[in-house]
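Below, chain A partners chain B and then partners chain C, in two separate complexes.
Here is the complex of A and B:
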């Protein structure tokens, strides 16, 4: 456990350092050291590149990764379904429909409006799914089915707009939907960090509840857990976490699905152990995806959400199948 | 509908409803055509304007909708049985992602004017993606549980979708050419197109109905099915082959319509229970009905011949599905 944590932390640190160093203007380690500590002959240009351009971006990617992985871990536990990721609650389709509507119907919308629409769309869908699935109590199957139904409605709206909207707007919307951390700045990073800290702590504190609910509703209930209340609270946490991630970065898929699966294979089924490992994996994944998307085809920038699919998918296929050290 | 005779009656009623819906779909449109003319156009074609309209535009479109709907619904039911997962659909086998990637690459490389050939590329892409998913899912540490198939499907579909998106983001003309196709549509399908795909879909449907008994056993889980003398690996492979025939054909014909394969099997199970000997025919009829009604509604309500059925189908089907999920789903899991 501690070895895995240490290895992942080192990997993350290396990725962050590489993200600061590499790009259109490559900086040496010495430049970065001087720029961050303010010692020596800090070149104002490299200070600007590190602090105003690259550092906010890499921190934002890191936070988004943590949020997505944590939300994914919670969803996997409360839905008890290996395909469950926050999208099951309609979060992705709601955000996508809202963002597509804003981009296609309002020409050149301000970024803040787009982000608010993304978050509101996600939150409204999650709320609607939970409310419609409530009949005196909830069951994970009913939440999944209602999620499918409502998501398909929202997706129909998105498809309609993308089939008939102005082609330029549709393409802009697709870039946003693909998920990226283009326009990062320190204010955004601080806001997101403040927003995430409480839900992530709460999720970690709820590890034991999640361990219990994994056994199934009846077992959990007979062990004294108020299953419906726990599931409701957890859905609120998932909405807050991945809604915020979607608002700042669009739809970066795959992280929320895969980080918990890999973490579970590395450290077993206890959520107190899964959470930190999954969060680190998520952070590594998004930071690496953003870095690769920036440097592989300059001056084009591939959105991070596409890179997570292109690079992350084969890598995780290798992780999940290549080595047979799992417990399952 | 607890008894077999009740289920058989419900099946028959659904079939009658389907025939009625198909007749209405052929009769209504910009020009209304009386049923007598439709029958005479099919039985004794005389070359008049109405007869040409019926045989060359409306009937092929309805047949395409019937084929695509029943194929997607049945393959969805098979996927949900094989993976034991209510979230499974033909798309989980990489069918939609593979077909979309094949069509987008063909259009990018050779331009949008390649005509009907892209039908075959869609089929090919779907089949290759599905075979890769199955191969990945049945090797390695997960080989013997459906979890491997599920994760392999998610991984492959994500990879191909990302590739497709990467192409579309940088290539506006291909995006413009392909966006109606990706919504899923049966507009302008010809009899020749339907006839090329029909043998695959019909073979798949017959094979699926013959397989029903084994699917019910598969849903009990790998351990129970092995204890009952079934070799789950063999039947899982056979099921995947059938899904490739059905969903590959449907995607080639009508594009990636997502909703039917996911929802029609759930509706069927909520109505007739968990026995796949009944779920499969019910899904086939229900899926076909859903697509025909949605396509007709799109044509009539929005007054546009090219309104994609992929959009209307959710508008028609989702409220009904939500109602069923709220009221009929009593068993706690």
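Here is the complex of A and C:
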């Protein structure tokens, strides 16, 4: 466990360092060292590149990764379905529909409004899914089915708006939806960090509840767990976490699905162990995706969401394949 | 206690109606589960056995009537209170992938722990004892999905024992087990009742198994009690013919002396 954590931390540190060094203007290790410590003859231009451009961006990617992985871990546990990720609660499609509406209906909206709309859309959808799935108690299957239904409804709304909206606005919305951390700044980083700290801690504290709810509603209840209350509170945490991630970075897929699965394979079924490992994996994935998106086709920047999709899908297939053959 | 011929009721239901939606499964059930005895519920498929078990464990709410657990109304108890008194093994229990026997049994301590309490010496003792009683101590580090059906069943029973409730409810615990493991499991239940004063209620499919091991048998048909009492009193050709629609001869089991029914 501690070996895995150490290895992942080193990997993350390397990715962060590489993200600071690589880009349109490549910096040497010495430049970065001088820029970050403020020692020697720090070149003002490299100081600017490191602190104003690359550092906020890499930190934002890291935080988004942690949020997505934590939300994914919770969703996997409460839905008891290996393919469940925060998207099944309608969070992504809700955020997308709300953001599209704001962009198309209001000419040139401020970014903050866009983010608020994204978060509210996500929260409204999660609430609607949970409320519609309630029949005296909750069932994970009902939540998944209603989530899929409402998601397609919201997606239809998004498509409708994009078909009739002004082409320039629609394109801006599409870029936002593709999932990227390109317009990062330190204020955003601090806000997201503050926003995430409590839900991430609460999720970690709830590890034992998640361990038990994995057994299924009947068993969890027979051992004294108030299943509906726990599931409801966990859905709130998922909404707060991934709603915030979607609001600042658009739709970055696969991280919420891949990170908890990989973590589980590495450290077993206990959530107290899964959470830190999944969070580090999520951070590595998004930081790496953003780095790759910036450097493969310069000066073009691929949105991180597209890279995670491109890298995540085959990786996930490989995982499933390995599980099929490694089982016996 | 030794002279007490009519032991106190551990669980009792009064006028219990249970329904799935509009369909009534159990109607007007007055059932008494004697404390510190092994009670078997038998009856054909759809007679409401499993439904009754689930309702006793507070997993289903009755539409009418009440259930008394140690003389207290079940409705007044929280799920956690119930979990401290009653352990349940349901059919087709599935644990998360890769879980070890030790992990599973430790879950049994859930109702005794608060959100911030650490794993206590008391928790560890309860888990060790449960593993020892069920003979699963050697398997504690093995993954549950790598075990045989019989071992897995004993691990689940160990989890219910770690709850340290006085009552254990088992839904068809011997189904899908081979004969050796069936006998092993029935002996485990007998030991828990006789030596550890547990109250065990099991839904059983095998009438002869029920007659051989249980001290109290409740025969159910269409959600109502047809007969209840000692095996000798309950297992008769008439009752079997009435409930299971099968003609049988009931003889004395040459080994245990209990009723043994043989279809004609």
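Here is the rule we use: the second predicted complex is superposed on the first by the 314 of 328 C-alpha atoms of A that agree within 3 Å, B and C clash if a C-alpha of one lies under 4 Å from a C-alpha of the other, contacts with A are read in each partner's own complex, and residues count from 1 in each chain.
Rule of thumb we're sticking to: a residue touches a chain if its C-beta (ideal position, glycine included) is under 8 Å from a C-beta of that chain, and two chains touch if they have at least 3 such contacts.
Quick caveat: nothing in here was measured; it's all calculated off a predicted structure.
Visitor: Could you say whether A:226 touches chain B, chain C, both of them, or neither, answering first, second, both or neither?
Guide: So A:226 only meets chain C here.
Visitor: For A:83, using the defined touch cut-off, is the partner it touches chain B, chain C, both, or neither? Pick first, second, both or neither.
Guide: After superposing on A, A:83 lies in contact with chain B but is clear of chain C.
Visitor: Could you tell me if A:309 is touching chain B, chain C, both of them or neither one (first, second, both, neither)?
Guide: A:309: touches chain B, not chain C.
Visitor: Of the two partner chains, chain B (first) and chain C (second), which one does A:268 touch, if any: first, second, both, or neither?
Guide: second
Visitor: Once chain A of both complexes is superposed, is A:284 in touch with chain B (first), chain C (second), both, or neither?
Guide: In the superposition, A:284 touches no partner, neither chain B nor chain C.
Visitor: In this superposed model, does chain C or chain B come into contact with more residues of chain A?
Guide: B
Visitor: Taking the superposition as given, does A:212 touch the first partner, chain B, the second, chain C, both, or neither?
Guide: second
Visitor: Indicate the residue numbers of chain A shared between its chain B interface and its chain C interface, in ascending order.
Guide: Correct list for chain A: 216, 218.
Visitor: In the complex of these two chains, what residues of chain A are touching chain C?
Guide: Listed in rising order, the residues are 205, 208, 211-212, 214-216, 218-219, 221-226, 264, 268-270.
Visitor: If you look only at chain A, which of its residues touch chain B in the complex?
Guide: On the chain A side, the touching residues are 81-84, 88, 132-133, 135, 139-142, 144-146, 148-150, 152-153, 155-156, 159-160, 162-163, 167-168, 170-171, 174-175, 178, 216-218, 253-254, 257-258, 261, 300, 302-303, 305-310, 312-314, 316-317, 320-322, 324, 326, 328.
Visitor: Spell out the part of chain C that touches chain A in their complex, as residue ranges.
Guide: The touching residues are 54, 57-59, 78-84, 86-88, 90, 93-99, 103, 107-108, 110-111, 113, 115-116, 163.
Visitor: What residues on chain B touch chain A, complex-wise?
Guide: 85-88, 92, 136, 139-142, 145, 147-148, 150-152, 154-156, 158-159, 161-163, 165-166, 168-170, 172, 175-176, 179-180, 182-183, 258-259, 262-263, 266, 308, 310-315, 317-318, 321-322, 325-326, 329, 332-333
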